[in-house]
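Order of writing sets the chain letters: A, B and C. Residues in each chain are counted from 1.
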Amino acid sequence: MLAFIIRRIVWTIPVLLLVILMTFLMMKLIKGNPFQVTERPVPASIQRNLDRKFHLDKPWWVQYLYYVRDTARLDLGPSLVQRNQDVNDVIKEHFPTSIKLGLMAMIFAIVVGIPLGVFAALKHNTALDYTAMGIANLGFALPSFLVATLLIYFFALRLKDYTGLPTNGWEGPSSWVLPTIALGIYPMTYFARLVRGTVLETLQQDYIRTAKAKGLRWRLVVGKHVLRNSLIPAVTAAGPVLGGLITGSFIVETIFGIPGIGKYYVTAVTGRDYSVVMGITVLLSVIIIVANLVVDILYGYLDPRIRDERT
Amino acid sequence: MSEPDLATTDPPRSSPRGLDRPFMQRRAEFEEALARNAGARGAEAGASLPRASLWGDAFHRFMKNKASVVAAIAFLLLLAFVIFVPWLSNEDPYAIDFSQAYQSPSWAHPFGTDGFGRDLLIRTALGGRVSFAIGFAATFAIMVVGIVYGATAGFVGGHVDNALMRFLDALYGLPYLPFAIMTLAVFGTVNFWTMVVALTIASWFTTARVMRGQIFTLKQNDYVRAAYAVGAKGPRVLYRHLLVNTLGVIIVFVFLELPGVILGEAFLSFLGLGINPPKASWGTLAQDGYTAYATHPYIIVIPSICIAWLILSAFFIADGLRDALDPRTKET
Amino acid sequence: MALLEVEDLRTYFKTREGEVHAVDGVSFEVEEGSVLGIVGESGCGKSVTSLSIMGLVQSPGRVVSGAIRFGGRELTTMSDKELEDIRGKQIAMIFQDPMTSLNPTLTIGTQITETLRRHLGLSKSDADKRAVGLLEEVHIPDAKRRLRDYPHRFSGGMRQRVMIAIALSCDPKLLIADEPTTALDVTVQAGVLELLDELRRDHGMTMIIISHNMGVIAETAEDVLVMYAGQIVEHASVTDLFYRPEHPYTEALLASLPHIEAQDPRHGRLMTIPGRPPDLLVPPEACRFAPRCKYAGRDECATVPPELREIRPGHWVRSQHPASERAAEPVGAR
């Protein structure tokens, strides 16, 4: 098992290098000069100095190698637009907020979504099942910007007097509620539908019939036999979902005015701030890759058949 | 060869497992009677089922599924809405008339008007045309790229497959929205084609992976080996036997990817990277509406509901298609 | 009073097209200590009968009418909780496919001890000890270590043995074995049947064995029910059934067994019964086997449903043309 884990971890390195390469190439393709803040072109001599300082005069693959070396040292370079800031500073300032939001949305999605799916499956084809899935489908289809906007509309404007939930900014726990719900509804429906499917499938399995034939109490059958088997896919889905949450929170951050990485990203791209864009994209990729890695390893641990295959 | 005289042979002593002896006699009778009755009874009793075609069968199964039929109707209604409404109206959708700005839904303007006084019913329908166009174009492109990539990997196998799949794994590491945003930035402007390309580049991975899996497993089937045995060449096998059998999966995927790209376009528009005005898509309409949500929520609600409508109907159609083409799934 | 009495059991399945009469009026008794075999082709209702006894018929199926009495107690009116107490403890069941009948994410030990702890209230260590004993009883080597293994580490035959161990763990009075050897290799089948026989004698268990394989039935059963299209068409002792079958269906079943030595080269072909079983959505009003029966006449066979009648002491048959009444008639004279 350990050998598998090591192999898997080692494999992420070329993946990461490739991701950096692709991002790098894309950035190079974006026309424009990051140093040009006004309409006037930058004087040639200053341009030359800047180019030399940031290695922009070297061939692209050299720049790439420089970049990889620096990244390995966790030095993502200075921001090309914000003269006095390093990319690392930008990240330190904005990233934790996004991570926090993503984690909370994830917890919301799991805590609400999984029980919803389980109950819907157990009460298959009854009114409870249909309502639960109706809610899930609605949450899945409505675009998050609509959900966020509606939440703000109702809570901030209509019900302002009853609930003190702020709709802007990121100070204090009460301001976390609405954005978490807005971001968490979509993954919640994903988990609900996924778990409902796996529970239904598990209930059809022969070994559940065996468990019933043994006279085990139904509650035990569900808790032990059914859940153990049906939650494995949900756990393995959690990784990519978390990755998606952290990297896809742009919309919610924009609407709720949350100072996370999303808001910053678009400005950086349009402003041709290469290093910031690179740094953020690489970081986001790392998160996705790590999330997938953890889940992959976890899956092997949870399912004894895979566990044996891997040893 | 003379028939052994069964009638005079004594049934020998045997254990219950020696079932044959006493019955050889009966077997002869049985067979004789069978031969005689074969014409009359055999025909009706042994009549085989009428041959059914795969697609006809699937179509019937699909029709039986209430949810899918409702979804299909809803989808077609939406399509009809975006196609016919602008066609049937005489109003100029781009006419700016500030005196009419921000009217709530009424008989004159069923969807109300926006900040520029433009009728939203027509704008929504037109926006739908753009969204659908982008959606279909991007989905088509995703299918082409995904199928070519995945089928090549699955069919050729070996090192090529390995390399292609590893590369694909790496691409999965790129975050969706940022990737699309960067692609748009590379192009410099956002118009129909750049949007389609950006969405395609960010979304083709899953299709490729699924196609590769399909071709790979189908390749193992005996009928493929049989085809080669009678002299069929590679490309013919690929096309005639493998790809044809993946058509079902492809169709299901079309209905799964379509809402995805339309939603993606909506998100990008919302972030300010949408199609340039005055042309609008549902995404840009929603973004317009966002600025006025506090006082005129209908402007953002309406295009969002259109998107949701599309997502739900496409999803249930895909579900129904999946069940119709593979009836082994037990879930209701 | 017999250990198990089934009286006019009817189990139907509600489908979109109508109700499928999977079990349509089945009655029999099982005396304590005996072995009843139920034989018939796929879809004849034999498995559904056993599931009905256990109360394990899943929606959209349900027991529509009939009585099932076990040790004098009526099972069809019991609550879920009462049935849960009986299952596993008084009546145990083993199923056809050992590969899928065990939970792949729990150890064998857990799956054995959970029954012991549920019904006998044993502590964990006691249950473990007992589990080891059970595994040894079904001849699984290295039992103690194997307790901690997962099902995928066992072969098909061994898994079936584990299932048997689980079934016997609480010393049930009745064991229902539904196609216990069907999914196993031929070489392993004999071993499992022998084991069942040995354990049955050691524990003094009553057994119902279900199979579509006449050979299995011949080897293990004392009394046999032949089922067709949801009904019992013949009921006799095993020797009487095999030596003097009465029902045309039974005869055809026996005739369809492949024989290695073909006495007559002409008869080397495999015999089949032409046609297919009837659609149980709309069961035929008259004899259900008539369309495939070569003795069927256009008269009563097509209009009057035959009743189960005792043609000899201990031998029941549901047919207008049982073998003993046919001897004088020429074949195919209709």
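We adopt the following convention: a contact is a pair of C-beta atoms (placed from the backbone, for glycine too) under 8 Å apart; a residue touches a chain by one contact, two chains touch by 3 or more.
Bear in mind the structure is a predicted one, so any value in this text is a computation, not a measurement.
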{"item": "Of all other chains, the one whose Cα centre sits farthest from chain C", "value": "A"}
{"item": "Chain centroid nearest the full-protein CA centroid", "value": "B"}
{"item": "Distance between chain centroids, defined by C-alpha means - chain A, chain B (Å)", "value": "26"}
{"item": "Chain centre separation in whole Å, for chain C relative to chain A (CA means)", "value": "54"}
{"item": "Centroid spacing, where centroids are CA-atom means, of chain B and chain C in whole angstrom", "value": "44"}
{"item": "Two or more partner chains touched - positions in chain C", "value": "none"}
{"item": "Chain B residues touching chain A - in the complex, by the definition given at the top", "value": "166-167, 169-179, 181-183, 185-186, 188, 263, 266-267, 270-273, 286, 290, 293-294, 297, 300-301, 304-305, 307-309, 311-312, 315, 330-332"}
{"item": "Residue numbers on chain A that touch chain B, as the complex places them", "value": "14-16, 18-19, 22-23, 26-27, 29-31, 124-125, 137-138, 140-143, 145-146, 149-150, 152-153, 157, 197, 200-201, 204, 243-244, 247-248, 250-251, 254-255, 265-266, 269-270, 277, 280-281, 284-285, 288-289, 292"}
{"item": "Touch list for chain C against partner chain A, complex", "value": "54, 56, 80, 83-89, 92-93, 95, 97, 100-106, 114-115, 118-119, 150, 152-153, 163, 166"}
{"item": "Contact set on chain A toward chain C in their complex", "value": "205-207, 209-218, 220, 224-225, 228-229, 232, 302-305, 308"}
